[in-house]
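Lettered A, B, C and D in written order, each chain numbered from 1.
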Amino acid sequence: VSGSARARLFRQMYPEPGGANGSNWLNRFLVTAILAAIATSILATEPELTNGAPGLFEGLEYFFGVIFLLEYCARLWTAAERPGDAGAWSKRLRYAVTPLAMVDLVVVIVSLSPLLFADATILRALRLFRLITIAKFGRFSRAFREIGEAMAERKYELAVTMALAGFLLLFGATALYLVEGDVQPEKFGSIPRALWWSIITLTTVGYGDVSPVTPLGKFLAAIIALAGIGMVAMPTGIMAAAFSEAMQEWREAHREDEPPDEG
Amino acid sequence: VSGSARARLFRQMYPEPGGANGSNWLNRFLVTAILAAIATSILATEPELTNGAPGLFEGLEYFFGVIFLLEYCARLWTAAERPGDAGAWSKRLRYAVTPLAMVDLVVVIVSLSPLLFADATILRALRLFRLITIAKFGRFSRAFREIGEAMAERKYELAVTMALAGFLLLFGATALYLVEGDVQPEKFGSIPRALWWSIITLTTVGYGDVSPVTPLGKFLAAIIALAGIGMVAMPTGIMAAAFSEAMQEWREAHREDEPPDEG
Amino acid sequence: VSGSARARLFRQMYPEPGGANGSNWLNRFLVTAILAAIATSILATEPELTNGAPGLFEGLEYFFGVIFLLEYCARLWTAAERPGDAGAWSKRLRYAVTPLAMVDLVVVIVSLSPLLFADATILRALRLFRLITIAKFGRFSRAFREIGEAMAERKYELAVTMALAGFLLLFGATALYLVEGDVQPEKFGSIPRALWWSIITLTTVGYGDVSPVTPLGKFLAAIIALAGIGMVAMPTGIMAAAFSEAMQEWREAHREDEPPDEG
Amino acid sequence: VSGSARARLFRQMYPEPGGANGSNWLNRFLVTAILAAIATSILATEPELTNGAPGLFEGLEYFFGVIFLLEYCARLWTAAERPGDAGAWSKRLRYAVTPLAMVDLVVVIVSLSPLLFADATILRALRLFRLITIAKFGRFSRAFREIGEAMAERKYELAVTMALAGFLLLFGATALYLVEGDVQPEKFGSIPRALWWSIITLTTVGYGDVSPVTPLGKFLAAIIALAGIGMVAMPTGIMAAAFSEAMQEWREAHREDEPPDEG
């Protein structure tokens, strides 16, 4: 086996951030394959589709399994190109026990075994994030670090607003439990049941499976809704602001890093 | 036919941006006619109205069809006034094959044919946008360009937040599919079905046609709702911020362009 | 009748903005009376309450009617103190034909007639605003002027976002009308009916009385919800920003106007 | 009894803000005990859990009751260490009549009596806030003071937006009462009933238990929803902005106060 071919493949699989082949054909193909495999897993859980085309989804699953097996083998083979003084097999073993490599292996085994069909969806989504992270390392790793820092900077706000939101959710649930507990025991007969109501109401989802029926319950629910919706939305608002700020900083930093031919 | 009359009509149909006749009587009449034709198309789909006045909506449809036919002919005739060295008929042919002219022609044909009644609504709405664009070209074309630029500047934020929102929607759907799939197979029996639940929940629409019934399902749904609603709202928040920023820049630029008598 | 008593009463009823008696006992009493009369009107529409206490609400209604009659007479009498060279009765006549005075008269007549009980609620709410406006003229009139100016400054944003929101509502309604019209004719059988769905969905109210049932309908509705909710919320977001900005400017201007003993 | 041991316990129970033992083991244990007691109270209201483990929740309740009794006795005993010239028993009596101490006593009595099981939840949540306040006095007292100041600074905005929101809720309720009152007397037959609809609609909760069914009612409800949702969300938006601003100021002030080894 030519060391040069192995090195070229290694550079294709682990492109340098910001480099010319940052999103080369191999990574694009693998991202597409993972997205297609995720879509296949999602659709394969729907009986109306699998009944209509019995062998199709199984076939696609095996097809993607083979692609991911080849990818796994290629990553294992080219692991010898990783920087360091150790021998080729020592480097490969070290690669094989990294969490990312083990997730890859589990996905391959799951895909190629006829069992455990649907449960692979989330694993694949995680792999997708991993590929993006690898392909665009310089970009995204900084983005996530910035988000983490922005969150950490706001930890007191988050703690105070989450405590207030939690208190309000509990207060609403207790109030409705006391007022409507006897009238609708199935829905408000305990505080955990009433918490389902207060969470679904104060997030404004409002399914309507649980709602007060007595005048006093409606009066309390109306007051709690008017006063509480803004409070419960506050932690997510703070997180959104932190996220937005972090993305802006990251974008500005990112622009400076870019090679001039990309700008 | 007097060239002078044709030139005057041309200037009426394609007023210069920011000019004195930027929204002249002809364009106002055509905008009003399109709005009235859209309203007619919308109301004509309602059987209770059409049964009450059988011939009215058909008559109005033909009436507007004739107006739009006259408009189309006028645009074709005055196309000879368009800048360029080509002959009058050559300019008209070139105009006739532009997408805008072809949409106009389709609308006229649809309006004057007794078939395909309701489906013309969206076509007309598109035409309305086109007329506004023509009449106020200088204003709106810059607004849309600014919006496009503001969006492009935020493409990484949009990509990251949309990926996170998509992952969360998929995660919620998979969790509820695993927990509630056996209890409510009609509603959570596959991931695509559960995705309907997670989208309607995390956008806070919450119809209530699909909601968890088991304690574990409700517990997971409550956690997902509290954590995910802010995340799913983030891409639209970023787009709204980009839009708002673009509109502000456009407004400031627009103010400078305006002739002093308009300020 | 002493001119001095009339002048004192006039100053009580129309206190100067920012003055020492800006919210004197008379205005406070009248605001309280109007709020109590509104609450009475609201509660008087509830049969369970009126059946429980048959004469109570009628009595209260007459009681407030007499108070407002006295207020009307006092305003008419003290109208002679208004600035200007005209005679007392001429000033009173001019006051009586102002819109505010005519609303007052209508409320008195409605309150003291045994008919048209509930419909006075909105009229009274309007009167409340009027009293606040009078009592705190210097403060609120500037606030509303600032809001009006901030809105006017954003009229292009509002126009563009409302046009886009309207187009999206219409697009969603037409799409669901085409897909679900045959399956649920009662709910999606015409574009006006489908507009009810698209408005209730894209404002995230989501009653659940109307929702798609076919897979294609659900798919389209999910896409429209994810893409459209942010768009439909944009005009109100712009208005909220304008309002907030106007209030801030007003607050800052207000602080400067305040007598130092209030700061 | 050794005065030194009492003084050490006092310092443990009331740590100085920003000090080294700001969140010592005793306070952490008490916070954990309160959280566990709250969770126990919540779960103890659910019959399916109490039926499954009959004695468990009662036992836990007595267990936490004894812990809180010991805490109460310790606070009473160490109250003698409070600053001031009065005697030990005089200081204890003064402590015992403070609201916080009386809440503590009520919680102990409630926990150790076999009655009134669930109603202690809110009391405990209040105690939790109290403990946090004591343990982190320097931090949180400033945060709440800043929030209070930020709210006070915006009292006019809050008054104007709440008045507008209240007017809109009342207007919507009256409109639907007039239009749908005869068709759905159970739901829109009085303004208080219609107010339930307008609050649940304009907060976008939208349970779906109450919604208009007539074309005119739906038309009005759609207009009211499009125009009113932004208005009703404005007071909470202003409060969120005030809160966010106050938290930012507090964070900046807090950072300066921190001992360097914490930064």
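Here is the rule we go by: a residue touches a chain if its C-beta (ideal position, glycine included) is under 8 Å from a C-beta of that chain, and two chains touch if they have at least 3 such contacts.
Note that the coordinates shown come from a computational prediction; the quantities given were computed from them, not determined experimentally.
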Checklist line | Most remote chain, CA-based centroid, reference being subunit A | finding: C
Check: Copies subunit B and subunit C touch; is their interface built from the same residue numbers (over half shared) or different ones?
Finding: different
Next item on the list: Determine how many degrees of rotation, between 0 and 180 and to the nearest 5, align the Cα atoms of subunit C with the equivalent atoms in subunit D.
Entry: 90
Next item on the list: Check B-D against A-D and say which one is joined by more contacting C-beta pairs.
Entry: A-D
Margin query: Report the inter-centroid distance (CA atoms only) between subunit A and subunit D in whole Å.
Written below: 32
Check: Roughly how far is subunit B from subunit D, going centre to centre by Cα mean, in whole Å?
Finding: 45
Check: Which residues does subunit B have that touch at least 2 chains other than itself?
Finding: 192, 195, 204-208, 233, 237
Checklist line | Chain contact graph, described as a line, ring, star, complete graph or other shape | finding: complete
Checklist line | subunit A to subunit D touching residues, read off their complex | finding: 153-154, 156-157, 160-161, 163, 167, 170-171, 174, 177-178, 189-193, 195, 201, 204-208, 211, 215, 218, 222, 225-226, 229-231, 233-234, 237-238, 241
Notebook entry, point to check: So in the complex, which bits of subunit B are touching subunit D?
Noted result: 204, 206-208
Notebook entry, point to check: Given the complex with subunit C, which residues does subunit B contribute to the contact?
Noted result: 38, 41-43, 45-47, 118-119, 121-122, 125, 129, 132, 139-140, 143, 192, 195-196, 199-200, 203-209, 232-233, 235-237, 239-240, 243-244, 247-248, 250-251, 254
